[in-house]
Amino acid sequence: MVEKKKQNTAVLLMHCPDKPGIIAVITEFINANGGNILYLDQYVDRINGVFYMRVEWDLDNFGIPSEKINDYFQTLYAQRYELTYKLSFTSKPQRMAIFVSKMSHCLYDILARYIAGEWDVEIPLIISNHPDLKIVADQFGIPFEVVPLNSSNKIEMEQVEFDLLARYDIDFIVLARYMQVLSEDFINRYHDRIINIHHSFLPAFVGAKPYHAAYQRGVKLIGATSHYVTTDLDAGPIIEQDIVRITHKDTIDDLVKKGRDLEKIVLSRAVEKHIQRKILTYNNKTVVFS
Amino acid sequence: MVEKKKQNTAVLLMHCPDKPGIIAVITEFINANGGNILYLDQYVDRINGVFYMRVEWDLDNFGIPSEKINDYFQTLYAQRYELTYKLSFTSKPQRMAIFVSKMSHCLYDILARYIAGEWDVEIPLIISNHPDLKIVADQFGIPFEVVPLNSSNKIEMEQVEFDLLARYDIDFIVLARYMQVLSEDFINRYHDRIINIHHSFLPAFVGAKPYHAAYQRGVKLIGATSHYVTTDLDAGPIIEQDIVRITHKDTIDDLVKKGRDLEKIVLSRAVEKHIQRKILTYNNKTVVFS
Amino acid sequence: MVEKKKQNTAVLLMHCPDKPGIIAVITEFINANGGNILYLDQYVDRINGVFYMRVEWDLDNFGIPSEKINDYFQTLYAQRYELTYKLSFTSKPQRMAIFVSKMSHCLYDILARYIAGEWDVEIPLIISNHPDLKIVADQFGIPFEVVPLNSSNKIEMEQVEFDLLARYDIDFIVLARYMQVLSEDFINRYHDRIINIHHSFLPAFVGAKPYHAAYQRGVKLIGATSHYVTTDLDAGPIIEQDIVRITHKDTIDDLVKKGRDLEKIVLSRAVEKHIQRKILTYNNKTVVFS
Amino acid sequence: MVEKKKQNTAVLLMHCPDKPGIIAVITEFINANGGNILYLDQYVDRINGVFYMRVEWDLDNFGIPSEKINDYFQTLYAQRYELTYKLSFTSKPQRMAIFVSKMSHCLYDILARYIAGEWDVEIPLIISNHPDLKIVADQFGIPFEVVPLNSSNKIEMEQVEFDLLARYDIDFIVLARYMQVLSEDFINRYHDRIINIHHSFLPAFVGAKPYHAAYQRGVKLIGATSHYVTTDLDAGPIIEQDIVRITHKDTIDDLVKKGRDLEKIVLSRAVEKHIQRKILTYNNKTVVFS
């Protein structure tokens, strides 16, 4: 794996009711304590009166120790500005688990980026309900756990998964064409931390066999959608979508083939944004910073 | 208007059960009678075993008089090959009526192409349920008829429309953001001859206010779909679709604005294919020749 | 024309060497004087150390009279932060002239938006080197001046154009497929205020007949590029580009036809951004705010 | 690797001067000898008067032995119709070599498809001028040969490559971000059988460092182009191109990152078309059948 320079920055993702001066207050707090701002992007939803911001700053000369920054924020700003925020530190890469079933294209796309050092993440665990893709995990030397979950044993098998996720200290989960619906309990434990790829331009063709449905309907575009998983099937906050043009000549097999390229790219774009801590959710929608 | 060279070709659009030798038989018929083939495109749906073809040939030296070609086809091929076909002649441009309500962007896009001579069509009539766009019709010197149709007077007002369509000898109708649902009777009279533009990537966001629904759902792409009108709302054969990327920054007004450009281009592409007689419908889907 | 609510806002477009606290200083100046910020977008080019910002605020309760805001900026910030900035007021719409030759598609696209009230702009003048499109100007009731400029009389004919531009109090110029190269003097007078549409994805196919060149080269995509005109042919700051897919089946005529739709949309997007004062130029590139 | 059903078809790729009846003659030849046509697509370049066709038929009940089909074609049609054609048989998969340098994204994308059985091809050999990617070849169990070619030893090192290509019985070569220019001799030996990926939308940004050039020029789109290699640098017949939108916020590193996804998809699309024998070249352009 490519060696990457160790990062040492803090990332603040926040939203709050829009009031004058919020940017000034936050940026002055950082500047005054010796933090060098490396990234600032903000967005105001003027219709709903909500202010969103992502700011990232260098901690090398920052006057407040990392473990105390959250206290300061809490005390100084959280109540006063009604902040909802998440503070994280890039010195510790997030740990990601991949759930797969039998299809390898998304898995390969993720692992190829990982091994090339494109992403600041650790992938210590792959879970599958089938043994088929163990060969891929082995190629990359990543532990592969088969949890033969199905509709009749979901509760106990998910408990097995929870144990694995805890043991491997997993921060977030990527469903890379994992063909099982998660339980409500599972979803609630990993709120905004499970990324799925659905093989249609949602909200068209929710549920099973979207390429068959697309073929049947005679659409001229097919799509793919990555989203956070919520308890409503295929209805969580959309992170990224893209489409490819098809024609009457394309069979269902052609749609499946063209769709694979869409799925892997759209999923990887979403995963990258999550790794970069550039996504905020609000009202079942996402703010994705550039 | 730009003067265009008078065309004199025959266009055969056909489909039939796929059997060996159909192309050979049809092209030899044309060649043997002195017809110079200017265009031939064919497509075999091997899953359903259907053969589709569009062939166009020069009539200048064709040995069979135009008015007898249909008889020959009927006698020689129609039964033998179970052909479903449509034979048309480009020497007589089709006559198109435009239905509008209050929005002008699609209407302008169509009329600008028409006046520039881009399309081999005649547009003798614009019908609206509101007087607002008479000013646009007047700019281009095209008769504009207000038929104040609403849900309570639809049957009698559609009769007024039928009379207008008959009087102006209309071949097909374009609904250029016409905000009324046509009756079943109307739709059946103009089967595969009414082109609508819907402001979403169907089948997502069927029905009213798709941009509001798209905003609500938080999609990252919005689309537009042109289709032939059938008695199922927004469910007819799709001719053309396209999308444009949006972000969390886009308000509903932004979607409406970005959508307008999509709508007009997607509708005009579909109208052009119809004018060129390049669309076949089958099983509620379209074959669109290039 | 659709009646639009009169706007009364100030727009500040600025760039300067990146230093901590600039956003805070500017937004506090606005907030402290009772200005309600309606839009703020900023971007830091961290490689070159340049800070870019666009901020727009409501003047209705702003404590400083409009005519004095510039003085305040100049005194308080311009030197201290080495600002390069432009302050403008939306209460007075900009005045735009369109230059055309013989092709109508871009002209119609612009005028249809104008007449529908999509843009906060005035279009009091169309200039052409040919009389062909007078009919379009007449449709929309806009003065049309023929200035029969060619390579041998460019200097004196441009003088005629300068007089027209002055008489009609023109702020900026749109070359809507105007097939003449402007003199250096002309370009310098309207620095960053002349928008051109070139019918290729620049820098490919600079100069004349790009569709012929694209056909010859066998590309699979054709494009269009809108840019500010500089004294280097087709080399000014790019505002917007887009492409459309083509195949081996497309003739040069097909490219021209498909290209027309690209050209008009790409040009109109650029013109809209300019009207909205959302474009900054720097180092022969543009920052285009969303 | 996924097991695929053995194919047994013949593929004819041909072009010739356009004359009436060619389709009929060829299809009758196939039908009359018991061949079931599985695919037929044709295209007439009416400007240059050239007819192009790809036809594929089932050999299972074909009356002429495979090894004699070429003789028949030669005798019956080649001279009479001035055919330029290539006849191939799908029962024997083509053998492909991949040339790489240090970047892995295209290589992984190809090998992931290969191992999943997406392509009817064999990949027995990877050649590189650096040892870096041996680890990837080892993951997939494919022989990896380092040929430390540089500008001063090109002739002798290419001889080593020729020997390897011969020993492994290679049919065609994919340059998957191979950062060396091939000699004229090399290119001529593998005419229309070397596929390269160039990281720009050619003909823009020919040569080295196209992302730097794109950044410098301030384009709003970046692209990738796959093409057959000819002796003119980056000027061979284009097979496939695509683009992705960028903004002023994107640094050169961002372009490189966004470009990687383009490069791998565009290259793989081209390789797939080549494997499927769906590409004809003519006049330094490609006809790519769908």
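In this document, chain identifiers A, B, C and D correspond to the written order of the chains, with residue numbering beginning at 1 in each.
Methods note: a residue touches a chain if its C-beta (ideal position, glycine included) is under 8 Å from a C-beta of that chain, and two chains touch if they have at least 3 such contacts.
Bear in mind that the values here come from a model prediction, so they are computed numbers and not experimental data.
Peer 1: Where chain B and chain C touch, do the two copies share over half of their residue numbers, giving same, or under half, giving different?
Peer 2: Same, since most residue numbers here occur in both copies.
Peer 1: If contact pairs are compared by residue number, which of A-B, C-D or A-C agrees with B-D in over half of them?
Peer 2: Comparing residue numbers across A-B, C-D or A-C, the repeat of B-D turns out to be A-C.
Peer 1: Which one of the chains is farthest from chain A, going by Cα centres?
Peer 2: B
Peer 1: How many angstrom between the C-alpha centroids of chain B and chain A?
Peer 2: Once rounded, the distance between the two centres reads 42 Å.
Peer 1: In whole angstrom, how far does the Cα centroid of chain A sit from the Cα centroid of chain D?
Peer 2: About 36 Å separates the centre of chain A from that of chain D.
Peer 1: What positions in chain B touch 2 or more of the other chains?
Peer 2: 46, 247, 249
Peer 1: Please output the residues of chain D touching chain B within their complex, sorted ascending.
Peer 2: Against chain B, chain D makes touches at 20-21, 23-24, 27-28, 31, 36-38, 40, 42, 44, 46, 245.
Peer 1: What residues of chain C sit close enough to touch chain D in their complex?
Peer 2: Touch residues, chain C against chain D: 43, 45-47, 201-205, 217-221, 223, 237-243, 247-249, 251, 283-288.
Peer 1: Touching residues of chain C toward chain B in the complex: what are they?
Peer 2: Those in contact with chain B are residues 104-105, 108-109, 112-113, 115-116, 118, 139-140, 247, 249, 257, 261, 265, 268, 290.
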